[in-house]
Each structure stands twice: as C-alpha cells, then as structure tokens.
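Labels A, B, C, D, E, F, G and H are assigned to the chains in the order they are written; within every chain, residues are numbered from 1.
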Amino acid sequence: MDFTVYLAGQIHDNWRSELKENAKERGLSFQFVGPQENHELSDKIGDEILGEQPGKLYRDEAASAINNFRTEVLMNKADFVIALFGESYKQWNTAMDAATAIALKKPTIIIRPESLIHPLKELSNKANVTVETTSQALDVLAYLFE
Amino acid sequence: MDFTVYLAGQIHDNWRSELKENAKERGLSFQFVGPQENHELSDKIGDEILGEQPGKLYRDEAASAINNFRTEVLMNKADFVIALFGESYKQWNTAMDAATAIALKKPTIIIRPESLIHPLKELSNKANVTVETTSQALDVLAYLFE
Amino acid sequence: MDFTVYLAGQIHDNWRSELKENAKERGLSFQFVGPQENHELSDKIGDEILGEQPGKLYRDEAASAINNFRTEVLMNKADFVIALFGESYKQWNTAMDAATAIALKKPTIIIRPESLIHPLKELSNKANVTVETTSQALDVLAYLFE
Amino acid sequence: MDFTVYLAGQIHDNWRSELKENAKERGLSFQFVGPQENHELSDKIGDEILGEQPGKLYRDEAASAINNFRTEVLMNKADFVIALFGESYKQWNTAMDAATAIALKKPTIIIRPESLIHPLKELSNKANVTVETTSQALDVLAYLFE
Amino acid sequence: MDFTVYLAGQIHDNWRSELKENAKERGLSFQFVGPQENHELSDKIGDEILGEQPGKLYRDEAASAINNFRTEVLMNKADFVIALFGESYKQWNTAMDAATAIALKKPTIIIRPESLIHPLKELSNKANVTVETTSQALDVLAYLFE
Amino acid sequence: MDFTVYLAGQIHDNWRSELKENAKERGLSFQFVGPQENHELSDKIGDEILGEQPGKLYRDEAASAINNFRTEVLMNKADFVIALFGESYKQWNTAMDAATAIALKKPTIIIRPESLIHPLKELSNKANVTVETTSQALDVLAYLFE
Amino acid sequence: MDFTVYLAGQIHDNWRSELKENAKERGLSFQFVGPQENHELSDKIGDEILGEQPGKLYRDEAASAINNFRTEVLMNKADFVIALFGESYKQWNTAMDAATAIALKKPTIIIRPESLIHPLKELSNKANVTVETTSQALDVLAYLFE
Amino acid sequence: MDFTVYLAGQIHDNWRSELKENAKERGLSFQFVGPQENHELSDKIGDEILGEQPGKLYRDEAASAINNFRTEVLMNKADFVIALFGESYKQWNTAMDAATAIALKKPTIIIRPESLIHPLKELSNKANVTVETTSQALDVLAYLFE
C-alpha cells in the first residue's frame, strides 16, 4: 500500500531531507511532496514567470499565487499531511496548510517544539497527532505498517 | 438581509469593539460573533470546567478543545469571516480559522499591517480581500449594501 | 443567536430533563431535540405503524428505521450535538450518532463517567470536548455566550 | 478490479486472520487493512511515541490520537468497510468507525451475533448489509464478482 | 420547530390534498411543497413559456426543464421527502426525486402499495422508511413530535 | 487513459453483453461493471446468504440490501454511468441508480426507446445525454477518444 | 415560502430594475440580490478602499477581489440564480457566476437573446432553464407558486 | 508523480499542440486531455449521433450535451486545469469550465492576453494563477517539479 505525504512547514532548514533520510534508514517507503524548498526561488517565482512586479506587495502576491497552486496540486495528491513549526519563523502558511488539510479531512500530524505548545494549542487540538520531533512523526508513520 | 460575521484574530486588544462601534456609527447592522475575548478566561477555561490539569500541555489542550468548540459552533453560523493579524502576537489560530473558513467556502477578509505582507502572503492570496485597517474592512462590508 | 442542540444517548433515565431544567435555571436558552424518550414506544414504533413484524429481528429493524428517520431529521436541524454515555447500557447508537455528527462537521460534546474513559477513548479523541457531567456540558454551552 | 477493505472491530481475537484465510481459500483477492491488532501496543502507543503520560486519561488520549490517525489514513483508502461486533467487548470505536464510513458514503457490512440484534439495530439499519458470521460477509464479497 | 416536506410522486390523483387534510385534522403543522399538480399545465409549461416546440421530444424536454427547476428549488428547502408510488403510473421521476434526496442526505419516506414491493425493493432499502398508506406516513411524521 | 463504466438497467435481456461485444469490435477499451445479471440469483441472494426470510417482503429487502451494496461499491469505482430503460419492465432501481450517479456528479448517459420519452423526460433532462440505442451510446463513448 | 434570487449578468443597462418592477406588478415577492450596479464604482472600488493601485492590472485585480467577495456572500444566500447575457458585452464573469452556482447545486436560469444561442450552448445545456426574455424568466418564477 | 491536465479553451487554433510540444521539449511529462478540437465535428456531433435536429437551437443543444459529457468525464480525471482565452472568440464555455473546476477545488491556471485583463478580472481573481502565454503556463507547471 503506497502513501503520499505532504510535508508542510518552514523551508529555512533541511528538516525535510533529514526526515526523508531517516524514513529510508528505517525502511519506510513514502512518496514525499512539499513546497518549493529553495527559499529565494520561492520568493521570486512570481517575478520570474510574470515579469517584475511594481513593489513588494505585488511581488509577494505573484509569488504566493504560484506557490499556492503548487501546494494545492500536491496536497490533493497526499494521503496525509505532516506540518512542522520551528521556533525561528512565523509560519502562518504552515498553519493555513494544516487547517486546510484538516478541513478537507486529510489526517494531519503536527511537529512543534515544546516552546510552541501555547501558541499552537488550537491547531494541535484539531490535528490528529502532535509530536515534538521528526523522529516521533516517523514513529507514527511506522505505526501504519505495524 | 441579515449577515452574521465571525471576527477571528487576536484577543489582546479591543479591535472588535472598535469595529463594532464604527459599524454602528456608519449604520451597518451585522450580527458579530467571535472567540472568547477575556484572555485569562480563554486560557483557563479547560481547568475551570474539567478541573486542574496535570501541567501546561494538558491545560492548553483542555482550554483549546473548548475554545475550538465555541469557534466551530459560531463560525458555522457566520456568512463570512474577518480575520485580523497584528504585529505583536503569533496568531496561528487566526490563520487556522481563516484557512478553515476558506476551505468551507465562507468568504474571508484579512486585516493585517503592511509589515506583515510577506509572512501572510499565501493566506492573503487565498482570502477574498486583504486590507490594512478595520475601517477598510468596514468599507468592504458597506459595499454589500451599496 | 439561537441554537438547536441534539441530545444523543440513553433513554433509560431522565438526564435530558435534568439538563434542560438546569439550563433553564442558568438562563441558557436552547432548542433541545433528541430521540424518542419513551423506551417502550421506541421499541415498538415499527410494529405500531407497519403492523406486527415476523419476529424480533424484523420488529427491531422496523423500529430502528423510524427512529433513525427521526434522528436524521432532528440532527440535521441541530447546531451541535451532546452525546451522553452511562455505565449501565451498551449505547452503540449513541456512538453512531456522535460519529455521524462529527463526520458531518457538527461540533460534538461527549458526557461519560470516568469509568468509561478507556472504551470511549477513540470517540472522545474525535469529539470536540469530553466531560463527565451534564453540569460540565452546560458550562461549555454557557461559554458560547460569555 | 482491485478492492481495499477496512476491517473494523475488536482486536481481542483472530477473526481478521480467519476471514483473510477463508478469502484466500475461496480465491477472493482483496487488500485488507485495519487497526493495530496487537492490543497491548495499541493501548500504549501514545506513551511509546510521546513519552509517559500523567495518568490513564492522558495515556488513553495519546494512544487513541495515534490509533485514530491510523484508522483515518487506512479507511480513506478503503472501498468499503466490514465491522464486526462480538459479545464480549463494548466496541464503541467500532460503531464510530462504521458510522463514519456510512457518513462518508463508503458501503458497510456489519457482522454481529444474534444476541446483539437489539443493541445494534439502529446501526444495522444504516449499514448496507448485516450478517452473523465472517463466512456470510465473504459470501457478500464474493457476490461482487459473480 | 418547523419542517418543510417535499411530496414527490404522481400528480394524477389527490393524495397530496388528502395527506394535508389529514395532517391538519391530527394537528400536525408542516409546510408542504411539491411538483405542479395540474397535470396538463405540467406537460405544456415548456411550450407555454418558451413557445411551441418542434415535436413531442422537444415539448417534453422543455417542460421537464422547468419542472426540474421547480423541484430543485423546492426540494432544497425541504427537511425531508415523502415519495408516493401508485399502481397506475410509471413514475420514474418519483424514483429520481427520492434517490436524489437520499444522495443529498435528506431523510426519505416511501409510500407504495403491497403490489409494488418487488419493483421498488432497492429504493425501499435505500430510503429511511417505507409504508403503504399516507396515514402511516403521517404516523411517522407525528412521531417527530412525540 | 482508462475508464470504468457502470451499466445500470434491466437484467432481463443481454444488452450488456451486446454493448461490450460492440465496444470490442470498435476497438473501444473500457472496464464495464454492473449489477448481478443472473435474475434468479439477484432475487434470492438475501435468502442464500442470510437464510430463508419470513415472506416476500423480507426476502426482497434482504436481496436488495446485498444488491445495493454491490451497486454502491462498483458505482463508486465508475467514471460514468450508462442507464438503459426498456419497454417491458418497471425499472425504478435504474432510475434510482441514474439519479444517484447524477447527484454524485458522475456523468450519465440514458438509453431509452422513443416510446419512453414522456415518462422519462425529467430524468433525461437531468442526465448528460439521452440516446435510443446502445450503438448510439457507444458513439458517445467513442467521442471521448476522438 | 420566501426565496432569495441572485441576478447575475451585465450591469450596463437596467434589466434588473425592469425585472423587479415586473415581478412586483405580477404580485411575485422575491428578495433580489446581485452585483454592484454602479459600473464606475464597481471598477474603482479596489482603489477606493485600498488606495490607488500601480496600473490597470492591479486596479482590476483589487476591484474584482471586492466584487467577488460581494458576489460570494450574496450568492450563498440565494436559493437560485438568474444569469442574463446581452449582445453588447463579453460577460465572462456572468458565465463564471452561473457555472459556480450550478457546481454548488443552485438551480439556474439563463436569459440570452437568440443571437447568442451558439456561443452559450454549453452553459445553457448545464443550466436548468434557458429563456430569451426577463418576462419568460418571471414566468418560470411564477410557476414556483402555481 | 503523474499529473493529468485538462486544457480548456478555444478550439480554433493549435495552442494545445504547441503547448504539448513545448512541454515535451522541456522534458515535462503530463497526460493532457481536453475538448474535441475538430471544430466542425464538435458542432455537429449531436446530429451525427442522434440524427438531424429540428433547427439550430436543437442542433446546438444536442451537440453541447455530448461535448459537456466529454468535458465532465475528462475534467473529473484532471489534477488541474489550464484555461486559455484568446482575443478572437467569445468563449463562455471556457469561463464555465474554469469556474466549474474552481468550484470543485481543482487548481486552475488562466492564460489570457493583456487586452483581456478587464473582462476577465473576476475569473482571474478566482483562479490560482493568471499568465499571458502558454510558455508562462509551462513555467508554472515546471515549478511543480523544481
């Protein structure tokens, strides 16, 4: 049985490649999809495709339209979603992706450090499972096959 | 024609009462609903109803369960949602409420300061309208009757 | 703002009238609906309307068809659901009603004694809020207006 | 034509392996999925992944979150559901799984002994087919190919 | 609590006015809606509004478009549906209306004479309740208030 | 691109095998599914699996439960539906299957003789295409590839 | 029984006030809603609320966001939709509104002159009824009450 | 990961084959589907299958029924939609297809020349991304894999 997993969350560090690496080591086979991880490209993709936009607002709007297109197409393919929140960045789009997945009845796992318990409490309550590390998230995934 | 509006967002200042006051002054009649605005009560409602919980994680989980119940009941009644993001607080639950409303096909207006254009760009792109002030949000509401 | 509440659960004692009484005393105004509380009538309603059935299986099937019709009509009207489980009776239809409400995105409160924590854990996890007494359930309802 | 079947119900005996064995003997090829059948692991999976919880309520809540994640992921994959109720255990989560499947328009077969006709009458009425033995359930499955 | 009921079925006799009359006598207050009961008007409404059509096929197509518009608007308003089948007419549109209501999760009661048990068995199995007389259907409606 | 087609309609003649044969001759490759075509088996399948039922009503109810299970499972797999109505039989279950497919947004083709234009006019108006022969239905299917 | 009607279509002439006037004369009582009919205001509403935009593309994007918000809020309230197409203007947003209504299962009437039969044929085929004049549309509305 | 793309829009020039060609050159592998591109066949397919119709209205109605059947079947298979609007033709059916896709939560890209910014502004605002050339649309598609 094959599963596709959307990895929502920050693109500022390499948590996705670590998670994929660990999944491989544990013999867990998933199709992982997610947002554009090249941060610079993600921010300028609107200008790159549509031409230079008249200011930051429009540049962000153009980029986010294309990033949201990508997210929707790939999340539609996903059997479930893992959303990671880190301490360093306000990731409202991660909360948006997780809440959208939940509203669409896609099972959702949240990863967040202990320090973010309070600000993420409503989202944690709505998600299926909340863990603190990518390793724990993989434990939950491994449990699908046990 | 009557409309019910869910006012999502921070409960740390009095933006809701200002918005309601201004609506009244402009002769705009809406039924406004929203989260518990007594911050302290919102945080301790789980302990108050269910008894003291064993630590902060469980206290937050118990409170958010009851807060989410309230939000779901009231948002189901809403014809559309206004979600306000301010500079001072990480409001992931606001992003969650806005994304949930959008996924449920409820029209959504976002209010956010210029400084938050970048971190809120994906959510802004998904919402119907993004403005910077509650006054502009009321302009959009007034336009329903013009 | 008016709310309609479906009261799912056992019909062997008078928990519904107690809850309604207490709501009244606390000044909480709701439209309460629920299953047929006359147990004998609930069991024989199929025979009463359709004529005597050929054995217990058919008698139960005929009665449950009409009871389910009633439940569906009234639950469709409900803004949220309260489902009570007591110690004395296997109430699979209560679990069915709660799970149906949750799947239809109706907010749901479960009332169950401490002794039933374990057998109801999956359903509690899916519901919005789980409490132990009708009084606590009313606390949650009162919170909608605070 | 391939079918995936979710086998909901008690994990206290080996009815699933018997059903799978019999399916094989009859030349019926299905992909069977279901809950964690190692009862001890099912109960402690929360503590195992998230660390020891502060008491039975929290231990059960943590475990059921992960079990519900598993169930949702696998049931989403299923073309239909078979839910078995036995005489020995209160299986409210089985009723929850069956009712959820029905609400999501997944065809559902219930297996229950004659002694449970009365307490399961409402759920039987909502399900597509109710039988008494796993062998009869396989007869229904075989009928898909006849 | 107010209910709107769509009365699907043949328009060749006065079963609807009888049912309404009996409901009144029993003190049951419902808002009844249904198809155009003037048979001749129902058949020629397309020609009347759109002008004479080139042949019977087109006349029927034009009329049914307007009749279906009416049915959809009114059925959307209905809390539940009663569909009557009589012995004299092939009422495929009644089966269509009942099946549509069921697919849209509107509770449905079927009225049919004993002679039609066999040809209506699949639809009866999908509906909530099947009875033989309008009086029995009113018994089921009365049960909503008991 | 592969398509699965549900062939709803009467099981009294061999229109399905003719249609499949003609599809093959024209080089059109589809996965065809449909109801049990052995009429006798279809009528007695309830008794065969569940044991002898107490009378015709119960025999029909038991059989239709299993036949509806089959139809739901297979129609869920279908990309679109072809529903044939002939002159000889009241096929309310065919109307039910077509209306269900339409309500579930599955494209639907109706085949009916000219003599049935009038009684099927509402259903024809709701379906995507109505034709008179299986050969014309295959023309529509062939058009998917042109 | 009250109905709310969304009047989609061009805002360049006074067809809406004519239709409303005629409805009144015929004693037909509906709640009519629709887009902003002040064309100039409709085009500049984005600039008016959000400030001057950097060019025509952005001015149109800002205006359409607010116009779409209005349309969604009001169409959600509508029981059905009337969409008028005239000869003088390309009204893609009218086609968008009609198609959205149809996808959301809101019954839809199209008004278009004979000259537009060909370019609107696919949309006409999807709508419930297509007529040529507002007077004919009112005939269809009147038929709801006959 | 495989994607199916529905190419909505005018069939008067060869923009689809150009887009497919360019996708191939860039190493982008998609399954492209779309409407009948033989314009003459598209217009007469109703008459061809159903026989000559009594006038242009009926000819168009018959053809569009079959064209809409094709579109629905193929769009249901699509992961996302690209809709192209050109300057020469009123393509209301393209707007219909795009709006339907959006209402069904299928991600949508619009291609339109600068000259059509104003008349397409509401649809552009609803779509995920709007570009001016097929090459830019392919840039967005390529971004799915980057």
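Here, contacts are C-beta pairs under 8 Å (C-beta built on N, C-alpha and C of every residue); 3 or more make two chains touch, one makes a residue touch a chain.
All values reported here derive from a predicted model rather than from experimental measurement.
The minimal number of chain-to-chain contact steps leading from subunit D to subunit G is 2. If you take subunit G and subunit H together, the chains in touch with both are A, E. Across the assembly, the mean Cα position most removed from that of subunit B is the one of F.
For the two copies, subunit B and subunit E, the CA superposition rotation is 180 degrees, given to the nearest 5.
Two copies of one sequence, subunit C and subunit D, touch each other mainly through matching residues, since over half of the numbers at the interface are common to both. As a whole-number value, the distance joining the C-alpha centres of subunit F and subunit G reads 38 Å. Measuring from the averaged C-alpha position of subunit B to that of subunit G gives a distance of 31 Å. If you average the CA atoms of subunit A and of subunit F, the two centres end up 43 Å from each other.
Residue positions of subunit B touching 2 or more other chains, listed in rising order: 65, 68. Pairs of chains meeting the touch criterion are A-B, A-D, A-G, A-H, B-C, B-D, B-G, C-D, C-E, C-F, D-F, E-F, E-G, E-H, F-H, G-H.
Contact residues of subunit D toward subunit C in the complex are 56-57, 60-61, 63-65, 67-68, 71, 85, 89-93, 95-100, 102-104, 117-126.
Across the complex, subunit G is touched by residues 1, 3, 79-80, 105, 107, 109, 128-129, 131, 136, 139-140, 143-144, 146 of subunit B.
Within the complex formed with subunit C, the residues of subunit F that make contact are 54-55, 58. Across the complex, subunit A is touched by residues 4, 31, 33, 36, 38, 41, 45, 48-50, 65-66, 68-70, 72-74, 76-77 of subunit D.
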